[in-house]
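Below you'll find the structures, each written out as structure tokens.
Look at the two complexes coming up: chain A is in both, with chain B in one and chain C in the other.
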Partner chain A sequence: MALNLRQKQTECITRMLNLNQPVNSTGTANEEVYKILIYDKYCQNMLSPLIHVKDLRKHGVTLYFLIDKDRKPVHDVPAVYFVQPNQSNIQRIVNDASHSLYDSFHLNFSSSIPRPLLEDLASGMLNSDSINRISKVHDQYLEFVTLEENLFSLAQKSSYVQLNDPSAGDREIEEIIEKIVSGLFCVLATLAVVPIIRCPRGGPAEMVASALDQRMRDHLLSKNNLFSEGGNFASSFQRPILCIFDRTFELSVGIQHDFRYRPLVHDVLGLKLNRLSVPGEKGGMRSYELDSFDPFWVANGSLEFPEVAIEIETQLNKYKKDVDEVNRRTGGNAEEFDGQDLIGNTKHLMNAVNSLPELTERKQVIDKHTNIATVLLGEIKERSLDSYAKKEYDMMVRGGIDRNELLSVLKGKGTKMDKLRFAIMFLISTESIPQSEIKSLNVSLASANSASRSNIVDWAEKLYGQSISAVTAGVKNLLSNDRQLALTRTVDALMEGRPNPEIDSYVLYDPRAPKSSSGASHLKGPFKEAIVFMIGGGNYVEYGSLQELALRQQPVKHVIYGTTEILTGAEFVEQLSLLGQKMGLGSSSAPPTH
Partner chain B sequence: MPVKLQQSSFRDRTPEFLNVAERLKKSFSSTQNGANSASKAEEQRFAVAMQSEFNKRASKIGFGIHQTSQKLSKLAKCKLSTSLNPAVAKRTSVFDDPTMEIQELTAVIKQDITALNSAVVDLQLLSNSRNESGNISSDTTTHSTTVVDDLKNRLMSATKEFKEVLTMRTENLKVHENRRQLFSTASKDSTNPFVRQRPLATRSAASASASPPPWANGSPSSSQLFPRKQIDGESQPLIQQQQQQQQQQQQQLVPLQDSYMQSRAEALQNVESTIHELSSIFNQLATLVSQQGELAIRIDENMDDTLANVEGAQGALLKYLHSISSNRWLMIKIFFVLIFFLMVFLFFVA
Partner chain C sequence: MAKIRDRTEDFKDVVRQTALSLGYNESKMASILSSFIIHKPLQRTSFTKAALKTLESIRTLEQFIMQHRKDYVDMHRTTEQERDSIEHEVTIFIKACKDQIDILKNSISGEEANSRGWLGIRGDHSNADTIAHKHGVVLILSERLHSVTAQFDQLRARRFQDAINRRIPRKKMNRVSSSNATEIPKSINSELREPDEPQPEPLRVQQQLLDDETRALQVELSSLLDAVQETETQMVEMSALNHLMSTHILQQAQQIELLYEQAVEATSNVELGNKELSQAIQRNSSSRTFLLLFLFEEPMEMGCELIDLQPAVF
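So, the complex of A and B:
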């Protein structure tokens, strides 16, 4: 049972587009109904990596709109709404219904609509006497964005800042936890699994885990639960494990520079929702899509950049060879004109014509990646990202670098953000830091950039001086010589289930087990599948290393990675600086609540 | 509510919603709701009538295309089955029947496609006339054009499938012919009828038209063209006596073969003419759908463009506003200066 999140989400959306009737084998609607799709911003972000306009056409959707746009009436056509359940959307729906914009309304909410909003909707409809236009109301449990086959994000902004905000009250923290739990619940509902939950003690991870456990228990007790496999999955072999972590578990991954293709494209060029805008060769901006339908991206996403360039070259050469062969076979046969051979020539010509689209597609892919790689190369040279990546790697392995080297890097090439990230990595990687170092670091940073980013160093120092120091020291210990991420090692240990001092202290929740039973040992057994969730922001580096872990195992295991949002290094550092400001630097405020 | 099937990960809240509505309705008064509905109905009736006419025809066409593609798949299966059993003995003499069926089906499908083609053209005319008649919202026009485009696309793909099936059929027939020749005795003038050969052409002087292939030309040559075609598929190797015997048999069976061959020839001819007609339909469709373009765009692409355009427009408008207001100030100043000069002039003269 391989959990393919993207496929499942696409299936759900397909079904929804077919007005929630079973889809027949050809994938088109049973009845020939043309509909209109209306969504809001969140659902647009969710739909755009999954479905293109031609898929919409295949399912009979002619028009698609944002719910906030002013729309004109299209009579006699059913409308499918796919929105989040909040007050403003409900208002708009009531508005549309009262103006009778469409013939019938099929409402689909991305997560469960709470009862008060449902009553609001009903009363609004009754007031405008359009209650008969609503044909269906559904909860779709799809409130997450799937970017790749095994990568999802809840698209909840600034969760790290909000969770670690010292001024946040209990209620706000609970709200955030609730949102995260509902997103995770949607993921599990779509996959239709009840996993075993494990998380480290303390911190938001444990709060999320216990809340999720509670929610799933309540849901399983209700009659029409969505996890209808019944009780046949008693052994731990069938159920996946859900590991929840917090960003502070391993801060360095969110900040460091990495030199592989996928993290580079995300970090440097800003890959959002699988879309990318780069300046093209002729000067205009071109926008590309990089997802699992792009064979080059899938095959070479985790290679280091120089290897990627070599791959592009080989692909280009292969393409040129194929084109030459096609030309040779069809073009130069004029002198061998023969009655019999005419048919053979025609056959060749037909084959050539048939292979033309494939060849053009290959050329397009190669061109796209050549363009991206060229732009990347420019950025790398300008900011000397390769040296940053290498030095950070050395720092994490060795535990600090020479002070002169540090200062020289800070004075060297690179944007302010690069230097800042490097400085933070330095702080994290060294185990002990004398005070003088901090001051000099401050000075050099301040001279290197005029912006007042030195507060971030203060924050880091403060954080360092308190309980986090133990964690980062522990993190350092977790790193082995081959520089595997701490997250990967932990997930590996959790999946194998052997007793391991690192993870023995982790909390275990099993929503299926009755409350009173203790954690049976069989629940810690080896797992074939895992869902790893990172609260506070993740990135493609973690995703890549988890995929490597999954492929390395014997037999091949399956890991899905999700986070509250996908952040580049720069975005994460900005969140940290925001947090530093909130903490009020220089004052002896309380340590951040965890 | 019963537990749904295994694929379901959604919940139907409609009954709950309706219950809530019922409950709330009881607490409202019912008098206010009567008047509004009548007036709204009137003004929408015309638009709805036109729209539903369009919708009905569109759904009819869609249904027609669906049925046609089902027939096409049946045809493909038929052909596939005949091509998969070339060595079965019985078939060689019996495959008139599938041929007839195939031909019928082909003719029916061709008629269907032509009818659907004209229906789509009609639908487009209807939607154009309706769009120009006014008081229809722009969304409706976009919707109807999209529906027509979609139908055209589906018709085109159905036609393409049809063409492929016909090509496959031609190839199957070719293969059959070749196979039959393989099992014929080694005779010098066993020819491949598919290759244009000069001797045949000279022999059949009374050829109907340029395009029909040589094998369709007249019965007198057939007895010489296919002297050995009587023989079963997986024959035992023929020895001389059998050959002589067969020669005699063939003389008797020539008329039978004749008609059989003739029907096959006709079938082939039909196939070729059908392909010609299909190509013309293709061209027509191609001109109709040439504005389609690539639809592999994402949902959010237009949004960014629109946003950028709107922002650009806003900037342009602001600039214009600035220029207007500054013009006004400039005009006022000039006005004052003129008044001043006028006063001075009057003062001096008067």
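So, the complex of A and C:
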């Protein structure tokens, strides 16, 4: 049973578009065939990687609008609302109903709508006397964005900053944890699995894990719950494991430069919701879509950049050969032109006509990636990203670099952000940092025109001056020579279930087991499937590494990776600097709060 | 599966409670709750009725094709004539559906034109959203029709493929027989020369002449047959190609419709955008005129100070 998150989410959405009636392909004449879809910004982001506009039409959706847009009445149609349950959306719905914009309203909320909001909705409707317009109210439990089959994001911004903010009170922290738990609950509900939960002790990961465990226990108490349809999987073989981590577990992955295709495109060109905008060859901006329907992207996303360029070349040559062959077979070969060959020629012509669409598509894909690779190459050369990636890798493996080399890099090519990231990687990779080093680092950073950001270095040093220095050392030890991330090793160990000093201290939660039972050993047994969740921000490097792990196993295992948001290195460092400011490290006069 | 997700019962509960707290009396409560159970029969516009009818016809067409599919494709179940008649019926059906869709399309643009008449203010029933929605319905219908047509085109292509395949071996047979036929006249000619010298009975000569004529005729007829069959094959191929082309053309028509719909939706934004732009331009030009006038009216003695001021104004 391979968990395919994207497919399950698409199924739920299809059912919703069918007005929550069972999807019937032969379908008798359904009176409510044409409908209008209305969503809010969050749900729009969720729908855009999943469904194209053409597919919406297959389900009878004629128009689709944002809920905030000014809309006019359309008679005769039911309206399907798909929004987050919050105050402003409810107000808008009440407004629409009171103006009788549509004949009937089918309300779908991306997560469970709480009772107070339901009451607001009811009172609003009663006051405007439009209660008869509401047909149905549904909770869809779909509050997450699935980018690929095994990759999801909760699209919750700045959770790292909020969780580590020194001025945040208990209340705020609880709210954030609640939001994360709600998102995770939606993912599990869509997959219809009750996993075994494991996480390291202490920190946000344990808080989220225990809150999620509680929520699932409460939910499972009712007989007809979301998970009962999945069947009862008693043995741990069938249940997946949910591993929850916090970003602080491995900071380096969020910051370092990587040289593989997918992380490069995300980091350098800004891939968002599987869409990308790059300057085209003729000058304008071109927008591309990069998802699992693009065969080149799927096959070559995890290759290093030079190999990708070679692959594009190969594909282009193959395409040219195929086109030449088609031309040869159907082209005017005058000397062979007699009656006998006419039939053969026509057959070839028919084949050629049939293969034209496929050839055009291949050419489009090749052109797309050529364009992307060209723009990438320009950026790489300008910022010498290849040397950053290599030196950072060397630093992590060897534990520091020569001081002169460090200074030369800081004086060399690259944007301010690149140098900053390099400096932070240096701090992470070296174990002991003498004070003089910090000063000179500050000086060279300042001279490289990043005066305002030199405080980051202060912050980083202080952060590691705390007990987290132990984590740093631990992180470094976990790294092996073959570039495996600490996360990947830990997940591997957790999935195998053998006693392992690294993970033995990890907490275990099982929502199905009664509270009093001890952590039965069979629950730690080998798992075929895993869901890995990173609080605070993840990226394509981790995703790629986990996929490699899954494919490497015998038999092939299955890993789903999710995070609160997908961040580029630059975005994460921005959050870190924000955190540094909040910690009061911005000005030299303010004493550190910790 | 959807049981737990359906909150409609919860909602009704909440409505009941809220109504109580607002002090609704019994009859009002009853009417509200009953409106949940019994939905008022929707009054459909003529447009929707027509659209649903068209949808029904397309579904019927699909079913018809499904039913006769086996007969059509399998070589030995039907004759060529029956296949032709199936094709003919389907073509008529497709044309009828296409006409219905065209009528719907024209009714939208007709309504659009009518409503613009009075001071450019659109009537209640034909705002931008409704028009876009109607275009959407028409587009969905034509896409549906197109997919059914494409299915049938595939069946047709298979039929022609079979026809072509059948022709090829026959052609080869004809080739062999025609090469034999060319040899016969030679032998006839050689035989004809011989009777010149001896003096056989005139009957035999006459019979031989008749035989020769028959054989010559035979050769001529078989070569004619050859030519005719060849032409027929070519015709079959040409029409097969034609059908393939027509599918692609139909696809193009679809794309054009799509562009049209997008244009309709975009006009509402572009109109606003254009208005804003023209207002901004107006404001810009009027302010510039004002400033120029202001500056020019100043006495020239102001001199360099004014000249210094000018760049700062913009």
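Here is the rule we go by: the second predicted complex is superposed on the first by the 563 of 594 C-alpha atoms of A that agree within 3 Å, B and C clash if a C-alpha of one lies under 4 Å from a C-alpha of the other, contacts with A are read in each partner's own complex, and residues count from 1 in each chain.
Throughout what follows, a residue touches a chain if its C-beta (ideal position, glycine included) is under 8 Å from a C-beta of that chain, and two chains touch if they have at least 3 such contacts.
Being a predicted model, the structure only gives us computed values, none of them experimental.
Chemist: With the two structures overlaid on chain A, would chain B and chain C clash, or do they fit side by side?
Modeler: Aligned through their shared chain, the two binders clash on chain A.
Chemist: Look at A:34 in the shared chain and tell me whether it touches chain B only, chain C only, both, or neither; answer first, second, both or neither.
Modeler: The answer is both, since A:34 touches chain B and chain C.
Chemist: In the superposed arrangement, does A:275 touch chain B (first), chain C (second), both or neither?
Modeler: The first partner, chain B, only.
Chemist: Once chain A of both complexes is superposed, is A:171 in touch with chain B (first), chain C (second), both, or neither?
Modeler: Neither partner.
Chemist: Answer with first, second, both or neither: which of chain B and chain C does A:141 touch in the superposed model?
Modeler: The answer is both, since A:141 touches chain B and chain C.
Chemist: Just to be sure I read the superposition right, which of the two partners does A:52 touch: chain B = first, chain C = second, or both, or neither?
Modeler: In the superposed model, A:52 contacts chain B only, not chain C.
Chemist: One more residue to check, A:289. First (chain B), second (chain C), both or neither?
Modeler: The first partner, chain B, only.
Chemist: Considering only touches as defined above, state whether A:73 meets chain B (first), chain C (second), both or neither.
Modeler: Both partners, chain B and chain C.
Chemist: Should A:104 be classified as contacting the first partner (chain B), the second (chain C), both, or neither?
Modeler: Touch partner of A:104: chain C, not chain B.
Chemist: State whether A:119 touches chain B only (first), chain C only (second), both chains, or neither.
Modeler: Touch status of A:119: both partners.
Chemist: Show me the chain A residues, by the header's touch rule, that chain B contacts in one structure and chain C contacts in the other.
Modeler: Of chain A, residues 15, 20, 31, 33-34, 36, 57, 60, 62-63, 71-77, 113, 118-119, 121-123, 125-126, 131, 134-141, 224-226, 339-340 contact chain B in one complex and chain C in the other.
Chemist: Inside the complex, what are the residues of chain B that reach chain A?
Modeler: Result: residues 1-4, 6-14, 16-17, 20-21, 24-25, 28, 33, 36-37, 40, 44, 47-48, 51-52, 55, 58-59, 62-63, 66, 137-140, 142-143, 146-147, 150, 153, 195-196, 295-301, 303 of chain B touch chain A.
Chemist: Under the definition above, what is the set of chain A residues touching chain B in their complex?
Modeler: Going by the criterion above, the answer is residues 8, 11-12, 15-16, 20, 31-34, 36, 44-45, 47-48, 51-54, 56-57, 60, 62-64, 66, 71-77, 100, 108, 112-113, 118-119, 121-123, 125-126, 129, 131, 134-141, 189-190, 192, 223-226, 228, 273, 275, 287, 289, 339-340.
Chemist: Show me the residue ranges of chain C that touch chain A in the complex, using the header's touch definition.
Modeler: Answer in residue numbers: 1-8, 10-11, 14-15, 17-19, 22, 24, 32, 35-36, 39-40, 42, 44-45, 47-48, 51-52, 55-56, 59, 124-125, 127-130, 132-133, 135-137, 139-140, 143, 157, 164, 167-168, 171, 230, 233-234, 237, 240-241, 244-245.
Chemist: In their complex, what parts of chain A are in touch with chain C?
Modeler: Residues of chain A touching chain C: 15, 20, 29, 31, 33-34, 36, 57, 60-63, 71-77, 103-104, 113, 115, 118-119, 121-123, 125-127, 131-132, 134-141, 222, 224-226, 229, 339-340, 342-343, 346-347, 349-350, 353-354.
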